[in-house]
Amino acid sequence: MGILRLSHVDIKVPDLDLAAAYYTEVMGLDISERADDRIFFKCWDEEDHHSLAVRYDPRTGLDRFTFKVEHEDDLDDLEQKIETYGFGVQRVSQNEEIGQGESIRFDTPSGHEMELVFDVDKVGGRLAKTNPGAVPQGLKGIAPPRMDHLLINAEEVPEATKFYMDVLGFRLTEQLLDADGHQLGTWMERSHSPHDLAVVSGPNGALHHFAFWLDDWDHVRKAADILAYNSIMVDVGPTRHGITRGNTIYFFDPMGTRNEVFTGGYRPDPDFPTITWTEDNIGKAIFYYEGEVNTRFLEVHT
Amino acid sequence: MGILRLSHVDIKVPDLDLAAAYYTEVMGLDISERADDRIFFKCWDEEDHHSLAVRYDPRTGLDRFTFKVEHEDDLDDLEQKIETYGFGVQRVSQNEEIGQGESIRFDTPSGHEMELVFDVDKVGGRLAKTNPGAVPQGLKGIAPPRMDHLLINAEEVPEATKFYMDVLGFRLTEQLLDADGHQLGTWMERSHSPHDLAVVSGPNGALHHFAFWLDDWDHVRKAADILAYNSIMVDVGPTRHGITRGNTIYFFDPMGTRNEVFTGGYRPDPDFPTITWTEDNIGKAIFYYEGEVNTRFLEVHT
Amino acid sequence: MGILRLSHVDIKVPDLDLAAAYYTEVMGLDISERADDRIFFKCWDEEDHHSLAVRYDPRTGLDRFTFKVEHEDDLDDLEQKIETYGFGVQRVSQNEEIGQGESIRFDTPSGHEMELVFDVDKVGGRLAKTNPGAVPQGLKGIAPPRMDHLLINAEEVPEATKFYMDVLGFRLTEQLLDADGHQLGTWMERSHSPHDLAVVSGPNGALHHFAFWLDDWDHVRKAADILAYNSIMVDVGPTRHGITRGNTIYFFDPMGTRNEVFTGGYRPDPDFPTITWTEDNIGKAIFYYEGEVNTRFLEVHT
Amino acid sequence: MGILRLSHVDIKVPDLDLAAAYYTEVMGLDISERADDRIFFKCWDEEDHHSLAVRYDPRTGLDRFTFKVEHEDDLDDLEQKIETYGFGVQRVSQNEEIGQGESIRFDTPSGHEMELVFDVDKVGGRLAKTNPGAVPQGLKGIAPPRMDHLLINAEEVPEATKFYMDVLGFRLTEQLLDADGHQLGTWMERSHSPHDLAVVSGPNGALHHFAFWLDDWDHVRKAADILAYNSIMVDVGPTRHGITRGNTIYFFDPMGTRNEVFTGGYRPDPDFPTITWTEDNIGKAIFYYEGEVNTRFLEVHT
């Protein structure tokens, strides 16, 4: 049945201790495991081993991003499709990677290393499975319930989008077109949300941001209060996107990777008709309240 | 691939004009079509022809409920499964029913008439598909963006649940068990939401309520303000469910059918582990803040 | 210039440790001082020594309530007015009472001991006075920024109200009248809020509840989540009052004293015209969403 | 007893029809009266004749601002104090001005014409005085319940502040100081709110903005949605102030006058200790989330 959801994003950080401090105290994630040069984080309502992994490296950047598939044999199916499309696929055996079983890895036309996995270690969320409370107590920081999506850059957005849609089965919810009808940005989903993966024009292989889900506009304010208290550099927001209609804040972790908190938006099923934005509306498309996009948002990525 | 989402609920009302007034002015739905003895309503963010149909009848009650399938040949597949399970299936041809194409109808073990449909007339939502605004202006009343789920009664909850799961592919997100481990209530999904369909102990064929989605806890308050202004009888709320964690108000339309507005909850994928409630926690399970269930909620249905 | 605001409420509790645990962990107050048989609490945004004092006594109940006056000579002025009205006044010297200077105490026509004080120890709030953060971090529990008002009972509401208005200068914002135009309840203010003091029909000397201010409807939900998590008995809510228009939850501390959290309402100046409710609208007046008052709310007080 | 609250702001607009359209349809005010070249607006929860008056003039700008006093003889008292301070006072007789009785007008050290009035025509709000609903239905646009405050510029902030405090009795809640301890901005109140009047460094006689109160952070988002839908130019926000702690959006009416919507903040009594900000914290002081002030906010006024 194919891809289910974003599983985890693996990034490089120049300071593991700072990353641990920020992602637990400010972002409010839980550490599920530490290895030599890596730390694995999860959100409180996630069952799986991790949704964010950081690895020590002198430079920030994206190692890869991983999506989870619904069935075990989806890996074989998708491996074949990717190879038919002309890309090589690498098998990662069980026990090679922390927190998950066998997976496949491959380069995409947007120059990213992508991974698909079926078997993920279940470590459970913060609420019980029998007579749970409704809201966990004792959370720290922003404490999002789950990772939501990521946005990557590509030199050729249409080519990258075609791969994610035709080969991996992503569905196009929204697109931003230039005057010639060429895609400048595309928003795609597999989990009945406005986007699990988005691609915007920029250098191949780059990460623009990954985003955590918040339940409410009030939690967006609480996030802004926590960010300001901790002197975290805000890029934009609180504001609303025209695309996805979601409410949002963009900000940078202390090592320079852009984070987002995101809430709202609609609930698209596979029969959802694609929404199209034209470049003359790019301001409202990206930041609905401001009606314009700041240069930093367009040009900074890792 | 099977069932996609709740498509529409068809109920009987003793007063069509009152139903039209209430569901447009108070609930804030749009009328998509009127026929002799029927009115078809939709929410502002729904693309399909209708999510609620009312038919004149001296007594309130449920005619049937309809789910939409993802692919055209899902109808054949599911027809066969239902017949194999021992239930008769009736084909409704194109043009027999307003707002949709061919469908199948059948009785379920819980004594309800259920319908599955693939082809539904697309009439579009209130927002444009090119450079849309983020929030429609000029809405009236509560104005939910979409229908969310329905809850039905069954004398034998386990038997009914087994049918919905084994034959129709619903996934169990939560269950309420008596001291013997017998299911008193079950919550099931097909659309990555806490429930699209729920079954609780009660008379076969009865409707407990259908629910509209709201985006926010503040919209729950606005709904309560509108209900109070219009002297609509509130059953319970604003409150929170333990089951689904959602925030809610229950109330009765002026003809006596229970409505709900609902927001929040988690996002379950097919690999979501079922949550179990034991009967000694029924209070918090149903109404988390009150810790007890009122008699009216348990005993009144249509 | 007269009375400024509610200063503190002094109640009796049968268990000091339980009171300390509840009012710090669940309600989220700070302890400003402990004496032999007393504990003094304050809210995080209050500058004064305390807004709640509990004293050990085998039975719950109200010791007294204290309002703060604006100027030092207000004490003399009001003492004279009270005595002219026919009530005896007791002077409490500096150093006789913890956390405050000289005060006057007297019995009111509603059978309560009331106190007026000018000089209160300033202990400061949680935010700095130079370049403060906007929201304190590290709060526990509900954590209201301040005490808001109290509601007391009186056998003769009009007589009690006349005293609070004519002698102490309270202004009447709202009143509930029976069919004969007799006051069943009155809401009065001195601080440009919908009520600092309210009186409803009931036994002389009784306390119905005292209330803490919350900033937002979302904080009301958070309070409800915390109350439910701690299995605190909720009386009514979350709901809205017709009177004051405020959003509210009523609940009982573990020793049996009714608490409220309250937000919203209007901003009445001294030229605010009184709002009148008639007894046939008592349901909406008290609980706007439910449209009816539960027996417990009417009959239980301490 | 002195000044009670901000009564109304009188501004010049180059297009009366555009002003009428914007302030009713987008801002959601009611028109209480139209005269030849003037329009009088009020908010739905205000009792008085108007809180905003616009007058046709080819150039935008401030005519004057008016505060309401509590007692009739406050006018005489304050007239004498102003004259003693060395400023001339003009008496405006009853029937000279629309919507109000006798008043006094005078120039302030900040180069503004200020007015004080006791007798204002009462036209009533949108809610009844007997058994009212809690929330008016049928409002349009942002629909703030009331005007909240205004911010003016002054070349010499300390001198202007001294006048407002010493002569008119305003109380200083917050101040922004440069490295020499010189006031760059001051925030003052008379109505137990964080500010009724603020003064920041800038040209004498200029208006920076006036602000409308909103009840909630969610209403701030709704305001932003309405502004974006109507393509109103947003200056900054939604965000939070460090000063006052309030949540806010700044934007420009279509004629160029800056408006604000504002909510939150604390409740200062006359014994509230002044909060001081140092210039090195000006970013967080003004815009707590951004941590920096945009040039437009500092330099544009009318």
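We call the chains A, B, C and D, going by the order they appear; numbering starts again at 1 in every chain.
What we mean here is this: a contact is a pair of C-beta atoms (placed from the backbone, for glycine too) under 8 Å apart; a residue touches a chain by one contact, two chains touch by 3 or more.
Just so it is clear, the structure is predicted and the values come from calculations on it, not from any experiment.
Farthest from chain A in terms of Cα centroid separation is C. Counting C-beta pairs in contact across A-C and across C-D gives the higher total for C-D.
We define each chain's centre as the mean of its Cα atoms; on that basis chain B and chain C are separated by 43 Å. Averaged C-alpha coordinates put the centre of chain A at 48 Å from the centre of chain C. One finds 31 Å separating the Cα centroids of chain C and chain D.
Each of residues 133-135, 216-218, 225, 228, 240, 284, 288 in chain D touches at least two other chains.
Interface residues of chain D facing chain C in the complex, by the touch rule stated above, are 1, 4-5, 45, 47, 68, 70, 122, 129-135, 145-146, 191-193, 213, 215-218, 240-242, 245, 264, 266-267, 269-278, 281, 284-285, 288. Those residues of chain A lying in contact with chain C across their complex are 133-135, 137, 216, 218, 225-226, 228-229. Those residues of chain D lying in contact with chain A across their complex are 217-218, 221, 224-225, 227-228, 231, 233-234, 237-240, 247, 249, 284, 288-291.
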